[in-house]
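Naming follows writing order (A, B and C), and every chain is counted from residue 1.
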Amino acid sequence: MLHRPPSHSAAIGPGAVPCLALPTPAALEQRQQLGAAQAPSCGAEAFTVDPAALAGGQPRKHTQYPYVTGTSVLGITYKDGVLLASDTLGAYGSTKRYKSFERLRKVNDVCAVGASGELSDFQYIMRLLEELSDDDFCMDDGHHLKPHEVHSYLCRVLYNRRNKFDPLWNSIVVGGFYGGKPFLGTVGMIGTNYTDEHVATGFGNHLARPLMREKHRPDMSEEEATALMHECLKVCYYRDKNSINKFQLAKVTAEGVTISEPFALETDWNYKLFANPAANAPGTW
Amino acid sequence: MSGIGSGYDLSTSTFSPDGRVFQTDYAQKAVDNSGTVIGIRCKDGVVLGAEKQLISKMLESNSNRRTFPVDRHAGVACAGLAADGRAIVSRAMAEANNYKSFYGDPIPGHVLAERLATYTHLFNMYWSVRPFGVSTLLASYGKEGPHLYLVEPSGTMHRYFGTAVGKGRQGAKNEIEKLKLEEMSCREGITAVAKILHQVHDEEKGFEMELAWICEDSGRQFQRVPQQLAEEAEAAAKAARLENQEQALGKLDTSLAELRQELAAAAAELRQELAEQRKELRQELAEQSKELAEQRKELCQELAEQRKELLAAVAASEARVAAAQKPLVDLVTAAMSALADSNIQPLPHAARQEQEEAEAEACSGSDS
Amino acid sequence: MFRNQYDTDVTTWSPQGRIFQIEYAMEAVKQGSAAVGLKSKEYAVLATLKRAPSELSSYQRKVFKIDDHMGIAISGLTADGRILCRYMRNECLNHRYVYDSAMPLGRMVRQVADKAQVADKAQVGTQRSWKRPYGVGLIVAGYDEAGPHVFYNCPSGNYYDYKAFAMGARSQAAKTYLERQFESFGGASLDELVKHALHALQASLQDGELTDKNCSVAVVGKDTTFTLLEDEALAPYITGALASACYCFCRLFAGALLEDEALAPYITAVKEEEPEAAGMEAEQPAAEAEGGAAAAAGGEGEQQGGGGGGGDEGGAAPMQE
C-alpha cells in the first residue's frame, strides 16, 4: 500500500509528510528505497537533514522574527475545569492590524488551546491538530486525544522545529478536562514546557501570574475563576500596549468546550499612578 | 469465463484475444462472493449497510468493520477483501487530508471518488501488482449535497441513487428499485436497507449488520448509525422478514386450500363418473344377468327336455333289461325249484370253517 | 499433469476470486505451535506452547512484550514475527515519545494489518509481486482505555477482535475448549483466566504434558503491566496448585520481564519470607516438572487429542515455532 505516515509524523516537521502526487506503484516503493542503507526497514522514517540546507550558496534563512503576533494567553484551573483567556488582536508589529483574530481554539471535546506569538504559525499548528482529531474521527474507535497528549504532542513539534533552527514562533497554552481532572500546560517556541494550576504566556507571565499566585485556588467556583480571569485580563490590558479590550474566554469542563463571544471589560484609566507613570521610575522618561 | 487455462488470464498486463483483462474480472469475482453491501441516497443523506458473516462466536460484536469514515463529511463501505478495503480507506483518508491542506476545503465527493478510481485503476496497469479485490461505496455530503458513488476493482466509478454489491446484489438491486428514494428520509432509509439486507441474506448462518449514514441527523458527519436506531431498524427488518415468511406461509396455505378444493372437485367428479360407470355397469350387469337367466332358462328347458329324453331312454332300456332278464329269472326259478325238489342242502358256513381249520392244523403239526 | 497455475504469485487472482499465496501464508500459521489468547473484563492472557528443535537447544520464545500495556504471541515463521514485533515496539515507543501515552491497541493492530499484507506490513505484502505476505499469525493482547483486548492478526491483512482465540498446530481443540467456556471469562479472576488458558493449551497438546519448560504464559491488565510467566513462576499454575505467591510475582514485579536468573533471587526471597508458600515450592522443585504436571493433567483429565486441529506437524520446519 501507499506509505501512510503514522499520524504523529508531522512532529518531524515539514518535508516528512509524503507528497501525494499520483504515483506509479513502482514509484511508491522507490520512495522508501531512496534512503541509504541506514534507513530503517520499518517504523517511522529517520530524521534527515533537509538537503536544501546543505546545498551551497547563501545560508538558508528561516523565520528570524515574527510578523503578525498575538499577545498573552492566560489559563487557570478551577473546581470544574479550566478557563483560558486572551484578547483577539493580531498585531502587525505595533500596528493593531487584525482585531478579530480568535486565538483560543477548540481541539476536541476535552481540549482547547490558545496561542500567542506568530499567528500564521498558530494556524499551521491548528491544522496539525485538526488533522489529528480528524484521524481520531476516522478511526472511529472511541479514542481521542487527551489534553496531556495534545500538550506532549505540541512540545515535540515545537522542540523538533527549534532543533531545525526553524521554530514555530509561538507560546501555547493547552487546557483540558479529562477523567474528572483539569489539565493545564504550556509550551514555548523552543519547546520549554510545564504544567501548572495557572499559566500565562508572554507579558502575562509577568503581569497576570502574580495576581494568580495570590488569588488562585484549585477549588474556585466558576464565578470566582471568571472574576479572577477578568481582573488578570484587565491588568494585562492596562500594561500591555499590544493588546486591545476585546477578549474571549474559553471554558473546558466535563460538558465540553465552550468559547465565548468576544467581550470588552470595563476599564478605568483614572488611577493616580497612571497620571505620571515615569514619576516612580527614575531613569525612564 | 473462457480464460481459464488459456494463459491470457495470469496478469493484468495481458489482454485476451477478445479484449478482456481477466485478472480484473477475477478480482471482481472476489467482490461478488463477499457479503452484500448496499448504499442508497435518500432525500436528506446517504445510508450504507453491510452484511458481515460471523466467522466465530468468540468475535467481539461490532468488530471487523466494513464501513469507515475517511473524513468528517465522507465515508466508505467496502465489499470484498477487508484488508484491501482498508488500503483504499487509507488512501481515501490521505486524499481527503491532502485536498484539505491544499485547498483549505473538504474534498468534494466527486473528486474523492475520481481519485479513488484513478488509484484503483493503477493496480490494473502493471504486472507487478494485482487489482484490488474491493468495490467501494463512497458516501459524501458536501456543498453539492449528499452523493453516493461506487468504485469498482477495474477503476470505474459511477454515481448512484442506490446500488448493491456482493453476494446478494441482484436481489438487493431489485428491492432498491422498488424504493421511492426521492421521498425517503435517511431514518426510513436505514430501515429499508436493514430489511433488504435481511431479505437477501439467504443462509441460515447468523450475520451482523453494519449501518452507517451521513445526513442532517448525523450533523452531516459520516458515522455509524446510532446503536438504538440500528437496533430498531434491525428489529423492523427481522419483523418484516418474519412477516414475509408468514405471508409466504399464508400464500402457501391459500394455495393449499385451493389445491384441496380442486382436489375435492376432482374427487367429486371422479365419484360421479364412477357412479355413472357403476350404474352403467350395473345396467349392463343386469342385462347380462337377464340374458344369462334367459340362457339358463333355455338351458334348463333344454336340460329338462334332455333329461326327459334320457329318462325315457332309461325307462326304455330298463324295460328292455327287464325283458331280457325275464327268461333268466324264469330259468333260475326253475333251477331253484328243481334244486328244492332234489333236496340238496348247501353246507352251512360254520361247518365249512371248522373243516378248513382242522386241515390247517394237520399240516402245521407234521412240520414241528 | 495438472498444476494450479494461479497459486505461485501473490499478484495473481484465481478465476474464483481467490489469492492462493495468501491462503498458503495462512497455512504457515498452522505449522507453528499453538498459542491462545483470552480475556476477562480486566485482564488479557496469552499462553503458548514452545518447541525446542533439539534436546540440547533452548525453547523458542513465542511471546514478546511490545510495551508495558501490550504483548504478542506468534505462530508461524518466527523471523517474520520478529520483524512485526520490532515494528510494533517501534510504533509504541514513538507513540510514547510523541504523546506521552500508551498506544491504543486497536490502532496498533490496524497499522500492523495494513503493513502485514506482502511483508511490508500485511496488506502491502499481499499486493506487490516482489513481496510476500508475512507467514505469521499474531495474537495481540493488551490493555488500554477501552479495557483488555485480544486481537488476531492474520497474514491476509485481516485482523479480528476476539473474546478468546487460539491459533497454530491443532489449535482447533483449544478453540473448542474456548468456545465452550468463553462466556464465563468475563468475570473470571486472573488466576482462573490463566487456568483456562492452560486448559485450552493442554487440549491442543498432542502428546506429552504441559511443563513449565514447554509453555509460557503472559498476563496484562488493569494495573498490571505485561508480564511473562515462565519456568518457576509458571510452575504453580501448571501443577494446578495456584500458589498465591505466583500471583504476587506478577503483581509485584509487574513492569519488568523476569525470567531465569533474573527471577531466581525473588523466588529465594519469597521462599524465605513465606515458609508455607516456600515449602510448597521447595518440595516440588525439579520433580514437579514431571510428577506435578502429570497430576495436573490427570486431575483435569480432559480432551486429549480433541478436534481436527491443523494438519500433521511432523518435523515442522525449524523456522516455525
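Annotations
Just so it is clear, contacts are C-beta pairs under 8 Å (C-beta built on N, C-alpha and C of every residue); 3 or more make two chains touch, one makes a residue touch a chain.
Protein identities per chain, from UniProt: A = Proteasome subunit beta; B = Proteasome subunit alpha type-3; C = Proteasome subunit alpha type-1-B-like isoform B.
Remember, predicted model here, so these are calculated numbers, not experimental data.
With centres computed from Cα atoms alone, the innermost chain of the structure is C. The interface carrying the most C-beta pairs in contact is the one between chains B-C.
Chain A (Proteasome subunit beta) and chain B have Cα centroids lying 70 Å from one another.
Inter-chain spacing, taken between the CA centroids of chain B and chain C, is 47 Å. Averaging Cα coordinates per chain places chain A (Proteasome subunit beta) and chain C 44 Å apart.
Touching two or more other chains at once are residues 87, 90, 123, 128-129 of chain B. In chain C, the residues touching two or more other chains are 110, 114, 117, 123-124, 127-128.
Contact with two or more other chains is made by residues 1, 4, 25 of chain A (Proteasome subunit beta). Per the touch definition, chain A (Proteasome subunit beta) reaches chain B in the complex via residues 1-2, 4, 20, 22-26, 127, 131, 134-135, 137-138, 140. On chain C, the positions that touch chain A (Proteasome subunit beta) within their shared complex are 83, 86-87, 90-91, 94-95, 97-101, 104, 106-107, 110-111, 114-115, 117, 120-121, 123-124, 127-128, 144-146. On the chain B side of its complex with chain A (Proteasome subunit beta), the touching residues are 65, 68-72, 87, 90-91, 93-95, 97-98, 101, 118, 122-123, 126, 128-129, 221, 223-224. Considering their complex, residues 1, 3-5, 9-12, 22-23, 26-33, 55-60, 63-64, 81-84, 86-87, 90, 123, 127-133 of chain B touch chain C. On chain C, the positions that touch chain B within their shared complex are 5-6, 9-19, 110, 113-114, 117, 122-124, 126-130, 156-158, 160-165, 178-179, 182.
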